[in-house]
Each structure stands twice: as structure tokens, then as C-alpha cells.
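Pasting the structures here.
Two complexes, one shared chain (chain A), two partners (chain B, chain C).
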Partner chain A sequence: MSYYFTIINTRDAPLFELEFGTSKAGGDGAARFSPEARAMNPFIVHSSLDIVDELRWGKDAMYLKRIDQFSSSHISTFLTPTSIRFMLLHLPHPPNLAPAFIPSPGSYPPFTPYTSNPLSSSTSSASSSSTFKSSTSGAGSIANNPASPQTEEAIRLFFWDVFEVWIKATMNPFQSMEKVLGSPVFKQRVLGAGRKYL
Partner chain B sequence: MAAATKATRVGEEVWKSRVDKVNAELVTLTYGTMVAQLCSDFDSNYAEVNNQLDKMGYNIGIRLIEDFFAKSGVPRCANLRETAETISKVGFKIFLNITPIVTNWAADNKQFSLIFEENPLADFVELPDDGKAQDELWFSNMLCGILRGALEMVQMQIEAHYVSDVLRGDDTTEMRITLLRYIDDEMPPDDE
Partner chain C sequence: MTSHAPLQKPITPFPGAPTPTFAPTSQKPTAQTSLRTPSNRKTIYDRNLNRTRTAELSRASFAYLFAEIVSYAQKRVTGIQDLEKRYIIPPSPIVYLLPTLNDTLRTRLSNLGHPLGLRLLPLLLHRTSPSPLSSSSPLPTRPTRIIPLLNFIARPLWTHLFGRPADAIEHSASAASDNEYMITDNEPLVNQYISVPREMSQLNCAAFVAGVVEGVCCGCGMGAGVSAHWVGGEEDGGGGGKGREGEMWPGKTVFLIRFEEGVVEREKGGGG
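This part shows the complex of A and B:
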């Protein structure tokens, strides 16, 4: 699974962006987005913001779970009490199992969630086979299925960890809610949470 | 070391019984916001920010010393070593609940360092990443001013400055304090 995580402030401006891959089931923690997917990710996430706005008044929990899907990319959201939105786009490997892209009228240009290139194809197939093994072998690891309860729970834990470091980061007097969060410490901690749960 | 253990005891006791406590985050956020505001007011002229913090600290120090003696009741210190222990184990203890380590004495006993293992003023803080703050801003510089002001009121002229700060990526936070002179009571000019 590849992840694209972003934090969006109340004016819909991204404060933080990060790409990473799964560290479970032998994953190396590197994101495997194709260049096209990488370019599309921010747009996909932004298009889901309207859904967040619709959902936010109907739910008590901060974790809104999986709220949207675009092609084979899934969006999970965590909404802080001050309406800062944590958006996590997750794109499952392997790509050959991903549903085909069905363009709707007036939709975005199609993109391939994954293009094999000589560099990453070997690692990708290795990790996908091990993912398959572990998902059949038992609970505890995230199945390669974005809709599964395990994935939902793992993402919930990830979001709560990030929320905690987020609180610390925003307590920094030099940080403002209008400014991009460039702190390397924060980035490391988010990556750490990703490694731990995803 | 007798002075040190005595100071520790006094500090503990005053901290427990005679000090009004206030929420740490209130202090941290108030101080942090103030420094951040100074940085924006002086347009990231960090030398000037350090200077302003020192001045504010001085004005706090010259008042705080009276309160310090009223609360702690410590007697006159015989030498600078005793003064240093009192600053660390009574002064910092009752006002900030920390006890910086007194160390690195100069050979002439007129210079020492305070090493801060924790600094409640700097919790949550990361210095701005503008390529300057990391080299120029001493975030907790107010503490230097406070010591300077407080000691001046008890006839000691000192100079205090930070030499390292964990906020800048250093291993420790160290403040260097130098005794310049004891201020003699001087007759006002033309006083018969």
C-alpha cells in the first residue's frame, strides 16, 4: 500500500504533505506512486474535502474513516476539533488487482495507479506476494484491502498518533495555522507513526 | 557540598509550602508568544530581540529578588560558590521548579556555568527555519536578564549569556555567568 498524507487547514490550504509506503509485511516504507498518480494525489484529496464538509456535522467522532474513493485510491479522514483535516490517500498494491478506471463524463483524465518501471517492479512484486501471504496467514497485519476493518483500525491509530504530534507542533509559538509546517521533527514523527501502524 | 544540600532542602521546602503554582503550559505559551511577537515586531532582528528579552528580564529581576528573599529566607551568601548553589537550588527551584547544574568553574572562582537539563520556557518550541534564528536567537535570554537584575540588587554586578541551547541543536543548554565586581556602597557625590 502506498500512502499520501496531507494536512489541510480551514482555508483549504495544505500545511503538510508526505508520501510513504507500507512497512508491514516486508514493505520498505517507500511510496510507489507513478508520476501521474503523484501529480493527481493532491487533486483527488482536495476533491474529497466537500465530502468531509458534508460528513462533519453528522458524526461525533474525529475519525471519519474511509470517506471517498477515486479509481483505486481511497481517502480516509480525521477531523480535528478546530477543523484541520488530516487526509490520508491509500493506494493498494498490487496494481493488477485494482479495478479498472471508469471515466465519468467530465471527469479527470485517466491515470494509471501504478506503472511498472525496471527499478521498482521487482521489489513491488516481492512485497505484493509477501503481503498476500501475510494477509492469508493471520490478523495483525494490514490486509491489502483498504475497506477491511484492520486497515480502518490501523489508520485510526495512525491518525491519533499524528494528532498528538500535531498538537505539540502547533504549540510551537513560531508556528501559525496559515504557514506550511516544515519542521523536520514533525515529519520524522509522522513517518514513525506510519512505520508503526501502516 | 554542605551548602548545596542545604540549598536543596530549602528549595524543596519553599517549593512545597510557600509558592503559588501556575499551569506550566500557560507560562510556556505566554513566554513563547511574547518571543515570537518580538521577533515579528523587530522584523527578525534577533540581536535586538535578545537585547529586549534581557532588558525585560532585568526589570523582572530587580523586583523578583525581594520576593525571593521573602519566600525563601536564605541568609547572605559567603562567596560566589554559595551564591551559585542558591541560584540553582533555591531560586530556579521555587520559580521554575528546575535545578540547573552548577559547573565549569573558572580557576579564579569568578565564572561558572548553569546547565539546564530542562527548560519549561522552551517546551514545544522549534526555532524558525529562516537560516538566522538558529544562529542568532537566544530563546530564553530573559533568564540572563533576570539573574543580572536580581544580583545587581544584592551588590553583585554580573554578566550572563548563553553559550549553547538545545533549541539550536546543541547537546546542552548552558548559561555562562561571570562576576564582574561587588558593588560597593558609594557615597553620593557632594555628600558631606
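This part shows the complex of A and C:
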């Protein structure tokens, strides 16, 4: 899977962005978004902020799980108590292209921007999850299936690690809650959490 | 063209000077070199968030620091008036505006506490939530309703700041002020070593704590204005009952929390 992680402040401005790939099942930790997908990712994440706003008073959990889907990209969200949002977009690779078997940078997972809309996601995700399940390796790691409980669990642990690092960053009196997180150590820590769990 | 030659000359005054050695070092100002870490190579990210036992501050140093904060704020202030609030950038998308009336001591103290509350909220919730590593543990939560929020303020927050919970939480009895809640502290730690002069007797330096509470409320997305008031009852000769309480707890302070209209409406609407 390829991941696009971003932290969004209370006024919908991104504070931190990071792209990375899976490190499980032989993945090399590099993101494999096609150029179009890379350009679309911020828009997809931004569009699901409305759903976060709808959910935030109904649930009191910080981890809101998988909240949105656009085409084959899935969005998971963690809402900090101060309404800063951690958004993780995860794009599974197609079954026949496990990350280890993508040799050239020219071959990307297919990106179909405008074919399926989120309202009809229930049927499409059901069909796609069945194909993913048949193809997952038996490594016991995260299945290449964004809807599976293992993925949900892994993302929960990832978010919790990021939450901890984020608290440490914002405890700094010189770091505003609403300003860009530019610390290279912060980035390393987030990458480390991604390598550990995703 | 000939005039250019003398102009160019001063740029390279030392032809044999160590310019080549300078060039390569300037070419790689990487993140490694620009990042300054302490000598023991430990950044703030290496510290443990849960180490609280040894992190307690002595009361003497706190009292000294707080007295200095008050006098610092007082030096740059023109008057003391009730209920002013400098406009604070709203942490929630719901814009709340309480107009700028006066830049007062109380406002300054409150504004100093505000960022503290914003930071304490996630920190304390992180500390109190169960370890996430066991999947059976419940998901960590955040306050979304008024009562859990006030409980959070009166217990974990107060205990963290002052070593004991707050003394009472009350809801305004009248329907007109439905959005008002009160947290009572019989003997605020911040006021223990502050003696307010008689001509400034309406000033309560617990405005700083009110700012912390306000930061917590606003951080949750429940915009509120919080102010600290004496209940001692020497000046406001209101009820006789208040006077009796004042004898027992001369420093008794009430933190009046006024939530915005939208917050109360959402509460009544069942949180949807």
C-alpha cells in the first residue's frame, strides 16, 4: 500500500505532509503514487474533512477509523482533542502488483479518478476486498485490504505513535498548535511509526 | 566596457584566497547540520511523556514565578475592568468574538493561561488513556459534551495543576443563563501568595487559571469565556450566605464558564 499522511489544523490548513509506502511484506517503504494520484491526494483528503466534521460530535473516540473512500483511495482519521486532524490516505496496490514486484517507476497502480463515487462504495469495496483477500500473502502482516480489521488496527497504532510525537512537538512553547510542523526529527519519528506498523 | 573592469576588481580581492575550500562546505547545508540538538543528543522527542513523579515543581518557585508574572503583566496595563477579553484567535471553526474592550491585567493573565490549557488537554488525555497496544482496551476518547469536559477540568486537570481536585461544579439555576457553569476552588493555589491591594480588590489573579480553563474548553471546540470571581463577599455585599462562606474560605474563587450559544444548542440536540 502507499500512504499519504497529513496533519490538518482547525482552519483546514495542512501542517505536515508525508508520503510513504508499506514496509510490510517486502515493501521498501517508498510511496508508489502515480503522478495524477499524487496531485489528487490533497484534494481527496480535503474533501473528506466534511465527514470528519460530521462525525466529530457524534463519536467521542479520537480514532475515527476509515471514514471515506474515493476511487480506490481510503481515508482514515484521528482527531486530537484540540481538533487537529490526522488524515491518512491509503491506496492499496492491485493484487497482481505487490509492492516488491513493481520494477520500473513507470508502472503504477491504476488510478481511476472519476469512475466510482463514494456513495456507491459499499458494493465496490466489497468486490475489491474479495479480490484483495485472495491475493494477500500469508505473512501475517497487514493485508493489502484497507477494510480489514488488521489494517484498522495497524493504523490505530500508527496514529497513536504520531499522536504522542505530536504532543511532544506541541509541548514546545515556541511551536504553535496551528503552525506548520517543520522539525526534521518529527518527520523521522512519523516515518519510523509508519515503518513500524504500516 | 572599460568602466566595468575596476568595478569587478574589488569582488576578488584575494585571488589566491581560500575560495575553493569555502565552496564545498556551503553547498551542503543539510538537515543534519542545520538542526541543533542538545549536547547529549536528546531532543524533546526523546523524552517520556508519562514521567510525572519527578516533574513536580516546588511551591516556592511557583509562587515566585507567578508573582513575577503578575507584576510583569501589571507593569504594562492601564486599568482593571470586569469581563474584558482580548480577541483570541478561535481554535474552533466556529468563530466566536468577544469584543476588545480594554487591555487589562486580567486579560493579560488570562491570555497567558490560554495556550497552557490548549496543550494540557491532549497531554492529560494521552496520559490517562489506556495503553493502545492491547487491542481489547477501549479507544481513547475526547470530551464531546459539556459534563465530561467539566469533569475533566475539575479532576484530572486540577489534580495535575494543583495536586487536588476542584471543590465543586455547579450549573446555573436560572433558565436565562443556561450556558453558565461554575467551578469552585476554595483556596486557589495561585492566589495563596498574592495579596491584592485594596484599590484593586476586584482583581482576582486566578484569571490565569481561568485562561487555562478557557484554553481547554476552546480546544475541545466548545467555545467559552471563562472569568474568575471572588466569592469572599467583602466588596460585593450581596447575600449574607456568601459572607459566611467568605469567613471560612476568604480566598474562595468561582470560575464562571459561559459557553457559546451553539455549544448549548448542540448539547440539547443530542450531539448530532
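Worth a mention:
By definition in this document, the second predicted complex is superposed on the first by the 152 of 198 C-alpha atoms of A that agree within 3 Å, B and C clash if a C-alpha of one lies under 4 Å from a C-alpha of the other, contacts with A are read in each partner's own complex, and residues count from 1 in each chain.
The working rule: contacts are C-beta pairs under 8 Å (C-beta built on N, C-alpha and C of every residue); 3 or more make two chains touch, one makes a residue touch a chain.
All values derive from a computational prediction rather than experimental measurement.
In the model built by aligning both structures on chain A, chain B clashes with chain C. By the touch criterion stated above, A:Phe174 is placed in contact with chain B alone, chain C being left untouched. In the superposition on chain A, contact of A:Gly182 is made with chain B only, not with chain C. Contacts of A:Arg56 after superposition: chain C is touched, whereas chain B is not reached.
In the superposition on chain A, A:Glu164 contacts chain C only, with no contact to chain B. Partner contacting the larger number of chain A residues, of chain B and chain C: C.
Shared-chain residue A:Pro81: touches chain C; no touch with chain B. Taking chain A as the common frame, chain B overlaps chain C at a single listed stretch, which among 21-29, 57-65 or 147-155 is 21-29.
On chain A, the patch touched by chain B and the patch touched by chain C overlap at residues 168-169, 171-173, 185. Per the touch definition, chain A reaches chain B in the complex via residues 168-169, 171-175, 182-183, 185.
Looking at the complex, you find that chain C touches chain A at residues 31, 35, 43-45, 47, 49, 89-93, 115, 118-119, 121-123, 125-126, 132-133, 135, 139-145, 148, 219-221, 266, 271-272.
Chain contact summary for the complex, chain A toward chain C: residues 10-12, 53, 56-63, 79-83, 153, 156-157, 160, 163-173, 177-178, 184-186, 189.
On chain B, the positions that touch chain A within their shared complex are 25, 28-29, 32-33, 35-36, 39, 123-129.
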